[in-house]
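These notes open a run of structures that come right after.
Presented sequentially are two complexes of chain A, the first with chain B as partner and the second with chain C.
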Partner chain A sequence: MAMRRVGRVKGITERKHNLVGYMFLSPLILVFSVFLLYSFYFLIRYSTTHMVIASPDVTPAGFSNYALVLSDRKFWTALLNTFLVSGADIFVGLTLGFLVSVLLSFKFRGRKFFHSLFFIPSMLPIAFIAAVFSSMLEYREGTLNNVFRFFRLDFLAQRWLSEPGLALFSVMSVAIYLIGIPIMYYIADLTTINSSVFEAAIIDGAGFWRLARFILYPLLKNAHKTIALSMLLGGFRQMERVYLMTDGGPGGATEIFGTYIYRMIRSPGSDYGIVSAAAVLILIIAFILAAVQMRFFRKKGG
Partner chain B sequence: MKKTRMLAMALAVALCLAALVGCGDSGSGDPTTTGNDATPPQTTENNEGTDPVVIKYWTWFPNEDQLKPVIAAFETANPGIKIELTAMESKAYQEKLPISLSTKEDIDVVGVQPSAMVEQVKTFLAELDPIMSSVVGSDWKSRVHAADLAACEDLAGGELKVMPLFRSGAMIGYYNAKMLSDWGLTVPNTIEEYRDFAEKVREKDPSVLPAVYAGKEAWVNDEMMLNVLGQSGDYYNKFRYENASVDSQEFIDAMNGFKKFFDYDIFSMDIMDLDYGRAHEMFCTGKAATYYQGTWEAGILSEQIRADNGVALEDVGIMALPVVKAGDKATLRSYLDCTVAIVEYSTKQEAAARWIEFLAMGDGVDHWAKFFCGTPSKVGFVMDASLLGTKTEQDGFALLNTLVAEATADRNNVSGYSDIEGASVQKVVTGAATAEDEVKELQKEWGSGKYGG
Partner chain C sequence: MQADLFKISRGEKRWIVIIIVFIALLWCLPIYSVITNSLKFAGFSNYTYVLSHPVQNVPFPSFFVNSFICAIGSSSLCVFISAMSGFAFSKIRFTGHKFLFNIVLMCLAVSGPIMLVPFYYILKAIGLYNTYLAVILPEVVMTLPFGVLMMRNFFDGLPNEMMESANLDGANMWKVFSRVYLPLAKPALINLCVLQIMWSFQDFLLPLMFLTSPKLYTATVAVNAFKGVYGVTAANLGRYNAALVLIGLPSVLVFVFAQKYIVNGITTGAIKD
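Presenting the complex of A and B:
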């Protein structure tokens, strides 16, 4: 009886605590509901209609808009390319980002300078970075090819942005410039590791690579998770990188979801129903991916 | 503890209220721009006889700098009318205008882009003939090219709701006349002549490209291919207005015909990573002998405009894209590029008509046309001779006007589809696909329902 009363009191206290928590969260929930949930509602509702923004006439379309998008070869190319670009971002973040973070965690002269050097590009607008890369990778007058020519390595000068096989690789290469965010996550996580772990490993004779590979890499699993998820989902929001570097070309070879949607909507009088259907499909794919990835990491992390 | 919790709850409630207030309507907005208020704005003409009538004019083109002298000249000539200009970037304008008109925002005169935008906003535009006839005179139509007026009527489904300002065409060639003269080269008329021309350019200076265009941009590739299509006739019009198929011998020939410029080393793959700005820069800095873009770049013909923009070229001429097939016609596609209209619910239509008259068929034309944005629809327009110094420039401008007037097909593009078609052209010229396969894909795309086709 007494136990039950204690439990009831505990429950009431918990509910009160929850209420305070929800009250604090409510402004955010309100903003989220207005701007995000309404956007979802808008997309889902209009994805089954034909609608032109200036016209009051909205006609039902059933699932024909979805069928249209799913039968579009360019949609599947954009899906594949989005994965490839995100995959490159994740790969570079988890390898180069990790290594640079570990190196930056050592105490040496100029550490802060290098930290800034790697981080500053992440603060620059991606449009600016894309424009710089676009100019650097130009075949005829681009810096990269001119450097090769200067050292008489002309055979290395390639059509980085106009050769279908190379263009996507060039777009993906920008990931190297964007390791600042992974570095930030890793360094934040590195500070939480007890230094006695390293001391013990060093006493046991572990060198740099062993320390990095077998001690640090597993210990930073939370950072890996965050980086992988944010980079993957970030890939679905990308647009400027491809738009400014290749405009989705040549011949649609570098089209990603961002440019695919933009191209659909840029025509005056375009059918927002079809665009909404494409957006809903992309949203579903992103949700599924996020869920799968979180489940995967949860399992791996125990 | 209890006090702390109470304080926390009070703070949370305050935050909630703050968010709600922030999201709410302050109620102090301009009554003429809110919601679906169907009541026309109450500002009236000749209010108390002293205040000038303010015409709210929205457009994307000509831009603000180009329009300022036009507005100043109009206001001097019409002291009772003031023009309040809102100029936007083209894409933003496409998105904002239809919504603003449908919510009855306080606008009197609008620039309208042919052709999809006319279809979108025509229900909000006034019939021009009754207003213009009463304000300007019943013979007003004689002051505008009949073909342009007819095109405007077609755009609005048989009603004259938009007034033409000018036509433009694409693609047209600009050549470095000084370079050609120094190297003893003549302007090529056929693709074979162009091949020889390209070889000579490379012999003279391998760092100079014989020809350049913005190969990275899909829509520019589409324009180039459609130019070749136009050389054989008006199949583009048949495709656009009579449901003729993209999956046709005409389109296959046009794609393969355009590919020949690459096969003949006139255009090289080096240009396929150049965007609009870079292609233009290559020509303006003497790194390309010829350059293709729309007639809206014709300002480059004028020494004064070149000097104002830091372009060091001494003399520039105009040429048509050389013909691919013997017996075909060197041409381009042209269409109305900018029209202007009076908003149907405007209460200042008389003043609006006076502004339109000045802008489209009056002295205002001389002010904006000197920027070479297009071929004005005003009958009897003559370009300020001082802007075209050399004979090459004068002949070039005359050729431009002839090509625009005698175009074999309309440049009535659907911009979203142009990107897709242009990507196919890129595939064909880079050898990634055949014209035969691409036209099949394009026919599927055009008929998919995305473009109302």
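Presenting the complex of A and C:
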């Protein structure tokens, strides 16, 4: 046989194996029905009711829960902050992550060491990173302020986590520590690039920066997209980053979806109907984002 | 390793090294911070203190045992389900194939925080609340869309010949899957397994919500408990940071031993069509 057929089994002439197919899928379908399908049903059903954990009574509420969430300023702050934090992750990933990956693709002594150094934080629990950052950024004893004071730059020593204008910035700064995953995608893609592309440019006399910016960067389109998608959706999953650094403070200035929902659930006498309504709204936003991005990928694939 | 992508002058190379070292130094500040803080006031005895003093009547090492149980449980279940479904989506033709796969893809958007309330009721209803399974099952659910996608991508890269004989029935199909394709997929299975162990170690929200008795706490939830127990007084700052260092160590060790699998796994799971 000249060519081995690789890929998905295709073609309408082939016999279908419905029973076997579903047999193989049965564990997935079971788990998804119990945990996801039922959860979606639960959220939609109870989002139009009042439901307090302490009492068994469920009273209808119509769409008042949705109205309540949509008129809650904290919800919109959380929406904005979720995008800002993911945006920071994406921005840092696509710039610093890209730069470091390109630099690491050159041979020099200690390259492997640096590669591991940049990747290891991505392995650590974000809870750990957030806790370390919050003690590093602490005002009186924090290492960052101590470094500034050591260099007699006292005016730079700030209340990083409790100043309203700075707190969100501090939360976003963790992005610098999360470039391990982008680096990995970039390096995987860099290895597939044919180096003959560059020869003409080098003869042309383009230096390192211009090669990186105008030739390499456009060549890595797929990696950019993968990174953007995974970090955007990752933003919806985050909670501990804000929870352990600022706990949404000061005054709700750093609230993201994760902490917003968590705080609603944990507040005494909380109405799970309202929580469900908020969850449905967030879910819809995430689904729209995922669908848009997915279409984006599809088209590219041809 | 391959050669340089393109040639650059010696001077430029020196600049690259300088920039990398500079970024690395900035990078080390948090690490420096946690280590110096962990030695504050009492030096290494902070570590012995943390290791020998129970937190809420639970000895410190048992938090790791809990993390380990959750990680192994969720990764084996996740690999099992992902492998079977990834195979089905790649190699078996059945009605609703495309529709179901798109649903799985869409579920990539489902995030932990919004599922907390329904998961809570489901776990209560099936009597698993405050057990290891209360963490394991939701963790599996949250990773499955990625796992299925990753395994399907891998099986797509394997040849179809074994699937094409006309007389494949269910029993034969299972044999082909378990004797031929599964052994071939070993690298992907190991990748997914290592990734899920890592993600489970990192998980914070699910154990925080669904484990109420301290003796079941995983290491990351213990971080949160330490905050309360060790407070923010100066003397406790060292102990808190020492606890943090100890919590971070297992992940670093997993990385050192499994670097290759982690990198391969995440890049195979990239969305492509």
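Following the convention adopted for this analysis, the second predicted complex is superposed on the first by the 248 of 302 C-alpha atoms of A that agree within 3 Å, B and C clash if a C-alpha of one lies under 4 Å from a C-alpha of the other, contacts with A are read in each partner's own complex, and residues count from 1 in each chain.
One rule holds for everything that comes next: a contact is a pair of C-beta atoms (placed from the backbone, for glycine too) under 8 Å apart; a residue touches a chain by one contact, two chains touch by 3 or more.
Quick caveat: nothing in here was measured; it's all calculated off a predicted structure.
**Q** For A:V31, decide between first (touching chain B), second (touching chain C), both and neither.
**A** So A:V31 meets both chain B and chain C here.
**Q** Once the structures are superposed on A, label A:V20 by its partner contacts, choosing first (chain B), second (chain C), both or neither.
**A** Touch status of A:V20: both partners.
**Q** Which partner chains sit in contact with A:L144 here, chain B, chain C, both or neither? Use first/second/both/neither.
**A** second
**Q** Which chain makes contact with more of the residues of chain A, chain B or else chain C?
**A** C
**Q** Scan A:L68 for contacts with chain B and chain C and give back first, second, both or neither.
**A** Once the two structures are laid over each other on A, A:L68 reaches chain B alone.
**Q** If you stack the two complexes on chain A, which partner ends up touching A:D247: first (chain B), second (chain C), both, or neither?
**A** Touch partner of A:D247: chain B, not chain C.
**Q** List the residues of chain A that touch chain B in one complex and chain C in the other.
**A** Common interface on chain A, chain B vs chain C: 16, 19-20, 23-24, 27, 31, 34, 265.
**Q** Quick check on the complex: what are the chain A residues that touch chain B?
**A** 16, 19-20, 23-24, 26-27, 30-31, 34, 52-56, 64, 68, 72-74, 134, 137-140, 159-164, 246-253, 263-271, 274
**Q** Show which residues of chain C lie in contact with chain A when the two form their complex.
**A** 1-8, 12-13, 15-17, 19-20, 23-24, 26-30, 32-34, 36-37, 80-81, 84-85, 87-95, 97, 100, 104-119, 121-122, 126, 137-138, 140-142, 144, 148, 156-161, 163-164, 166, 168-170, 173, 177, 198, 201-205, 209, 219-220, 223-224, 227, 234, 237, 240-241, 244, 247-248, 251-252, 254-255, 259, 262-263, 266-267, 270-273
**Q** Once bound in the complex, which stretches of chain B touch chain A?
**A** 5, 8-9, 11-13, 15-16, 18-20, 23, 91, 94-95, 98-99, 101-102, 113, 116-117, 119-121, 215-218, 269-270, 272-275, 278, 414-417, 419-420, 423-424, 426-427, 430, 432-433, 441, 448-452
**Q** Which chain A residues qualify as touching chain C in the complex?
**A** Where chain A meets chain C, its residues are 4-9, 14-25, 27-28, 31-32, 34-36, 38-39, 42-43, 96, 99-100, 103-108, 114, 116-120, 123-129, 131-133, 135-136, 141-144, 147, 176-177, 181, 184-185, 188, 190-191, 193, 195, 198-199, 201-202, 207-208, 211, 216, 222, 226, 229, 233, 236-237, 239-240, 244, 257-258, 261-262, 265, 272, 275-276, 278-279, 282-283, 286-287, 289-291, 294, 297-298, 301.
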